[in-house]
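For clarity, chains are labelled A, B, C and D in written order, and residue numbers in each chain start from 1.
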Amino acid sequence: MNMNRGPFQAVIESKEQISPSTYMLTLQKPEGFVEAMPGQFVSIKIGDSTSPLLRRPFSIMDSTPGSLLLLVKDVGPGTSYIVSRKPSQTLDLIGPLGETYFDIPSGEDAVFVAGGTGLAPLVFTARKWAKDHRIGISHFLYGASTERELLTGICREDFTYVHVATLDGSEGFEGDVVKMFNVLREKGALPERYLFSCGPAGMVKKLMEGGTENFKSHQTSLETVMACGVGACRGCVVPLKSSGAPVYRAVCSEGTVFEADDIDWENWRE
Amino acid sequence: MNMNRGPFQAVIESKEQISPSTYMLTLQKPEGFVEAMPGQFVSIKIGDSTSPLLRRPFSIMDSTPGSLLLLVKDVGPGTSYIVSRKPSQTLDLIGPLGETYFDIPSGEDAVFVAGGTGLAPLVFTARKWAKDHRIGISHFLYGASTERELLTGICREDFTYVHVATLDGSEGFEGDVVKMFNVLREKGALPERYLFSCGPAGMVKKLMEGGTENFKSHQTSLETVMACGVGACRGCVVPLKSSGAPVYRAVCSEGTVFEADDIDWENWRE
Amino acid sequence: MAQLEIRIGNVTLKNPVILASGPAGYGAEYADFIGLEKLGAVVTKTISLNPKAGNSGRRLLETPSGLLNSVGLENVGADLFFGEKLPRLLELGAKPIVSLACEGREDYLKLLETVSGNDTVDMVELNLSCPNVDCGGMAVGTSPELLNWYVSSARQILPGRALLAKLTPNVGDIAGLAEVCQDAGADGVTAINTLLGMDIDPDTGKPIFDRVVAGLSGPAIMPVALRAVYEISSRVRIPVLGSGGITSVTDARKFLAAGAAGIQIGTAIFYDPGLPERIISAVTGAQQGKE
Amino acid sequence: MAQLEIRIGNVTLKNPVILASGPAGYGAEYADFIGLEKLGAVVTKTISLNPKAGNSGRRLLETPSGLLNSVGLENVGADLFFGEKLPRLLELGAKPIVSLACEGREDYLKLLETVSGNDTVDMVELNLSCPNVDCGGMAVGTSPELLNWYVSSARQILPGRALLAKLTPNVGDIAGLAEVCQDAGADGVTAINTLLGMDIDPDTGKPIFDRVVAGLSGPAIMPVALRAVYEISSRVRIPVLGSGGITSVTDARKFLAAGAAGIQIGTAIFYDPGLPERIISAVTGAQQGKE
């Protein structure tokens, strides 16, 4: 049976600027939009010009009965179009996309680590699991360059502990989020059971180098450049570790969530 | 000596919608903008995307010491971008472009015929000549499909007589502007001395078929698709009547104003 | 409505609107977005005899109104294709056209034998843009001799099946090569595959793609594709399917006016999956005089 | 700053930023918008021995991120060019490169003699994309034999002048043709001229342009041009000038990284006449390490 995954014309309910370049968009949930799982995303058409051409993917930051929450950082023409849209205007989106999700056995404690807009899928995950009474204690580690770039204002309630790091020390720990992770881990402040990360590949790699092997599972949600978003074009792949011939997995349809240890980080060039 | 013809970042002072799809834009005159002549135009860059790619040309509807007036009809992506710009935002323009102008001997009577936004250069012409006490009696004939599309509201003061025609008869003469021209001419209501026209090529052709040979001069401002706007690319040409090899003239730099009789209308495909 | 049908060899497609090979994968991936059963056909992702992992490194880059891809024929191989992917597409009610890689001669002949043994396939498309080892990595489709060998081999091994030859535009005279295909027994040609392009990381000065060159598709190449279709259809008798930057109902009309019997849609479905059905409606409407 | 200079044959250009032949006309048309004296050079509109009126019908059509043109080498002819246009450009302080049409052999030889008699010209560019009567209207630049004849004729008649050969991309192996030019005595090659494209009026179903095909330029073709430059510069010893869709400082950097000694800007000046000078500043800044 086919699902209705769009394209939908989703009406923007509200738009809030939460950092110099980042906006939180609340969309009216389109009729027939399938229930979304943590780690899933939507893909948005950019206006009517053929340049930009492709849709742009965005993690779902929350999905309530009536609305969808997105966090969009303005980094180029596509995101700039999106954040220039006004309440009551629409966005053309398809979704939910992504076919692997963050997962945790009921009642376990969790550590979440995010950089930049990597916060979005982790917030959705924590909210959903809290609602389902699935999660124990949760630590959220978040890094930004300065205090003004910290997006944790929108999700302090969603985790048991929120730890922030800024490169310039303007708030919280001085340094990057991985350094903070290592310090907290060495102090024994983090339950080393389930680790969930999302952010630039560089961040996740460094996280693993610092030492994540004690965790039972380290799940990470990846980002690559996408065309179809549905597993058809094979453009968004990441290499998995393999002894023989190379093995690639599509982030859109065989992700976005991977066990971090399975990824062949050495051979992945974003 | 070179002139400064831009690109200028012209600030939009105000925008007024004067028909369902037509807007009048008042721009702050950019510093150093050369004095414009009747029949000249500016060419506007369309946003930062490469699609649309080319600048779009617009006749100057008035040029006062402090401002430039444009009349823009929303017919596609470029004009739609322009009319979506808001007061205090800028438009990137070059100009004034065009190197032949409407001309009349001092004190002569004139008949102006326009269709659509062809009104713009004729209004500029009439205003400028009125200021210079150059013109005698002036008749302005203007056609539109319905009363709602008539743009003559903005220029009733600029001509001695304004005659309007609508295809559906919702205001003024019922029929097209050429039919009205012929009726008025046959009644002897028009001084057959100097004729100035601007509009679709079809309109000007029909005007000539109806009979304009009694006029001493019929000057028409033409529109063709342009790339450079400055006579370099040779893309915007119209054919002139010629007994030997074909002769082409660039509308941007050898126009926009031509003696209508010189144009080889038969071989011009817009 | 009957005129909507198009005929290639002895196969009839119910309308001229087709999904191009590649962008839509094996078809099923797009089942949530496109009524596959409404289409004239779906050309499946090019398959090779054995599975292929595809290219390493970056695979996609957007360019002005275009897309560079270096997927590198990642595909599941003939066994899994005929065992799973094709049956799934048939189940969805779609009309498949099976795209075949023109690799090394030996594998190619085995692939043709496999197709020959499968009676659910009545139309194939030869992807003649594959780089070929026998000819220094140049596409098979740039050499008249190779073209002739690949097309006539398929003709021989697959008698009675409709045979499309998909041409590469990276040649001097595409219409001449279309004639070669016609003479070698093709029932139709598809034009064009992607243009060769590349991009460079301005910071490092290094090519973006591991294999340096990549294929350019999308609206940017539409004028080139339209010219190819126009030239080819004035030179061959067999039907031509147009491919390359078809992005709107208007584009589809232009290709049909240029002489195409049908059109293939690729890159556009990424951002506008509703386009194929809109084209079908427009063409149907036009044929019924209610345009 | 000295490294900014580039050398082609025995001529030095003060920087690698050049206006491409055609879009800027004879240069003076753009004097109000571009500091022509700041550029490495200005390639003037291709001239033929006799004046040419150019093509009838529509000449321009915008396409997605591209431009189709069918100007058809409208030009003032050699006399007026050397008598008026060239002196005017020199007056403006610009460094001219004179683009020559490769038409019928007889006229071409006379044109070369005319150039030979003018000592203000020390660099020419042969426009090898002109359709040639001797070869059924196909561009001279698609045939190795014709290429060789046109380039070596110029080499003979213009000894001591720097000689650029401008290649058409509408061929299978552009790098091979660049080698032919090198062997025939060219001091450098320019790549690429426009891609062949066309468009159709969807209402009438007829081609937009009287001559049916037209040349595609602009950002749409950038990836194709970059690939050509990369391939050519790995195959020839002489400098390569990149042309095709250069639209930003970043694009310019990419062409230089791909092996181009210099870059030519065409279509982009239509909407962004400030680009050439921005590229010069960026390249100068980079070379002085203050990027």
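What we mean here is this: a contact is a pair of C-beta atoms (placed from the backbone, for glycine too) under 8 Å apart; a residue touches a chain by one contact, two chains touch by 3 or more.
In this text the structure is predicted, and so the values were computed from the model without any measurement.
When the contact pairs of B-D are set against those of A-C, B-C or A-D, over half line up by residue number only for A-C.
Inter-chain spacing, taken between the CA centroids of chain A and chain D, is 48 Å. Rounded to a whole number, the gap between the C-alpha centres of chain A and chain B is 54 angstrom. Between chain C and chain D the centroid-to-centroid distance comes to 34 Å (mean Cα coordinates, whole Å).
Of all residues in chain A, those that touch two or more other chains are 50-52.
Contact of a single residue of chain C with at least two other chains is seen at positions 64-66, 218-220, 247.
Viewed as a contact network, the protein chains are fully connected, with every chain touching every other. Against chain A, in their complex, chain B makes its touches with residues 48-52, 77. Here chain C touches chain A in the complex through residues 22-26, 29-33, 45, 53-54, 56-62, 64-67, 69, 71, 74, 210, 218-220, 247, 267, 269-274, going by the rule given at the top. On the chain A side of its complex with chain D, the touching residues are 50-51. Residues of chain B that touch chain D in their complex: 2-7, 45-46, 50-55, 94, 225-237, 239, 245-248, 253, 267, 269-270.
Residues of chain D that touch chain A in their complex: 64-65, 219.
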